[in-house]
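Comments concern the structure below.
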């Protein structure tokens, strides 16, 4: 059992803002979105949380260890520095999907993403400090086996991107529906999944599924800890062990 | 016929750098990648180019109007401000895929993406100023019909993301293999495609293909101009016309 | 008595780097410096510290509440995202000037600011948690009385700037040599001083000194707290009270 | 004779915004200001202009070569990405001070810096392309002789800062009132002055004035060109020649 605290970040009324009074230049929207993501990644990261960009106007974070005050301050900091505001909704559950489901639902009850009157919602059903344990968060760091040799140095960049994207699309769906886990592309050939309590066999199955479906070979390192930052760093080290040993699945505590 | 100038941007030896001497914190890598993207988007955008983040360590830009000196300066500016350097390879062809193919190939000939000795390659086969015309670039701006009403306000955010991602995965493959066109997710429910010379029926077919394959309904505005910035802005206005008229495909010059 | 923990931040070997192998473009250096300042301000600020840009290649922070691990992580984060590295030296004393003196001295003992072999020094003589109190930090927020009416809306912008700059130059010297306090221009017509234990009369004297010397009228709000963030916010509220009451000096606890 | 085009950048109604409805966190204001400066420096710099931060809420740029459309786009880009808007006023004259005087005056006529109804003023009296010459802009790059050896490695950082600041205060006033030139501290021990047509003796006088007044020894490299970027880079190279030869004043064309 994991106990994942998930935060749904939503830019308020963003779609209408991007075309009012006229469509805004795409380059400025791209700059705004990617910098907002970078700033929020740092703000959550300073408290050992992980933020994923997903759709940029809606982002998803693992926030075990951040309380209501931390979220309020992050929301305030964005409001002080950006032309848009954000709503934050936090929930906790035994699986990441269930936690996100609860978070999104509370946000939806407060109003539509395009309701001009719904601003800076702050719903924070955080995991009480007393209930936190050293195994609440399981993160898995996947990458594509020898992506540089097989793709980047061989194909045109878009065709490489198609392979990576296909692998990601297959993995994200499988992990979501088989395991209530949330997988995010994080650049290059890397995917980080926020997982429920999965074991070796679950990960081997996921890797096999992706290889059979789209022919992309993955390997994965897995970490489990009190916070996303620690679980994520442990997963990276475990993935390095995969590289050294050739094993496709490594858990951090296997050394 | 279009005449698209495409730039392949590749961070030099990035993968090894991210794990040397130890894996670097993911939050810092995410910040680095998204800010580098934002800065490059501005640098290309100031000359009316468009940059897409694609895999972040490899990015693809439409750069009609930028010459070798412009690219050299962008490369220098990144080198002055980041701990990583970039290689840039530019090529032009009648289709975006062919242009990118030529650009990537020249980069690959210069060395591997993970060759520590290959740094700041600058290959610039630019479209001569005398050959430029007012219809060199065709950009199409797609979005999902009523994504907020159907998905964002109804499903948990990850399940919304899966729908958008599926739509994108289907579209990007179709456009690539049917039309040598390059499609990029740009956040929210938006995809921008860099196209060869396509007509109404081509776009209707693409939209039908996506709806039949994954059940996601798209609409699209199309612009054609001398530069990416103008073609892209025209495409946005055309997409607004789609919203007003209910037509799924609008070309900018249809008013 | 105050107990101020001060951090001296120094970019390693920065001068030589800016001209090697050739002088780098000023616009890139300015961008690098101001963004590094912004990032460090956020990193210290997330732990309730305050950073001042002073010379940009050397910056000074009030860091009560940040321990060695916090400093190590900030240093690592800069190293992961910038082409330059930083050295950090922390010390604590009853006056800000004494604390900074100790911090700088330890850094100088480790090597010259332009010693290419001296990198990422981390000297951390932090205030032990058990010795911290709710009055360790006194911050004073000064601004120029009616700067907009007297200067900004009347003179050309440089002549306004000269007045503000003169006021700052007079204040910073007086506060340093009369009170071992460190005053920093923070934009507009604002100066924030990190103070030893000063009272009303000390501040009135400082304001009179500046008015007599250079003819610039100041007012000041003063806060005192466990951290820079709280003392600074209290000082801002006290300065608002000055605006409302016309009193030139207000301490936060006067309401 | 020089022909300097100067742009006065002013954040609209900034002072009131920083305290409405309550004083905003200083760390967020500092981040906003320094990033806005960095972004504007890049936007002006991409067209070979130079921006100086001066007071951050009011900034001054040398913009020979930028027309009304360039300024409009910069203004629009800020409006798309920041919670504050900016007014821009451009003027040209034979001396930088006269140009700025005209620019500020037109801005003041449009309304107060704290007039909530005055937003995004765009006054652009630009130098016509046909009147531009290769010697319109003279920039001088000063630094302190052996600042690291005399100050940074010897004194506590604030006392070093006081020396640098005193040198700057003396220089900026002298250059303004003796030569209608505008001098800006740009970090470290560096000052860049936007000058009217000065010769060797003028610069020697300025350096002597500073040494006599505050005991700080300066040297200076001078460049003259069609744009700020070229004049500034030439000045840097000339300053390197000062370092090599020991001469306190070097003009770029002296080799």
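For reference, chains read A, B, C and D in written order, and residue numbers begin at 1 within each chain.
In the analysis below, contacts are C-beta pairs under 8 Å (C-beta built on N, C-alpha and C of every residue); 3 or more make two chains touch, one makes a residue touch a chain.
Keep in mind it's a predicted model, so treat the numbers as computed, not measured.
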{"item": "Farthest-lying chain, centroid of Cα atoms versus that of subunit A", "value": "D"}
{"item": "Length of the line joining the C-alpha centres of subunit A and subunit B, rounded to whole Å", "value": "22"}
{"item": "Gap in Å, rounded to a whole number, between the CA centres of subunit C and subunit B", "value": "43"}
{"item": "Centre-of-Cα separation between subunit D and subunit B, whole angstrom", "value": "37"}
{"item": "Junction residues of subunit D - those touching two or more other chains", "value": "25, 28-29, 31, 35, 42"}
{"item": "Pairwise touch network: line, ring, star, complete, or other", "value": "complete"}
{"item": "Touching residues on subunit C, where the partner in the complex is subunit D", "value": "8, 10, 14-15, 19, 23, 25-31, 33-35, 37-38, 41-42, 44-45, 50-51, 53-58, 60, 97, 100-101, 103-105, 108, 112-114, 148, 152-162, 164-166, 169, 172-173, 176, 182, 186-189, 192, 229, 232-233, 236-237, 239-240"}
{"item": "Residues of subunit D defined as touching subunit B within the complex", "value": "39, 42-43, 46-47"}
{"item": "Subunit A to subunit D touching residues, read off their complex", "value": "24-25, 28-29, 31-32, 35, 76-77, 79-83"}
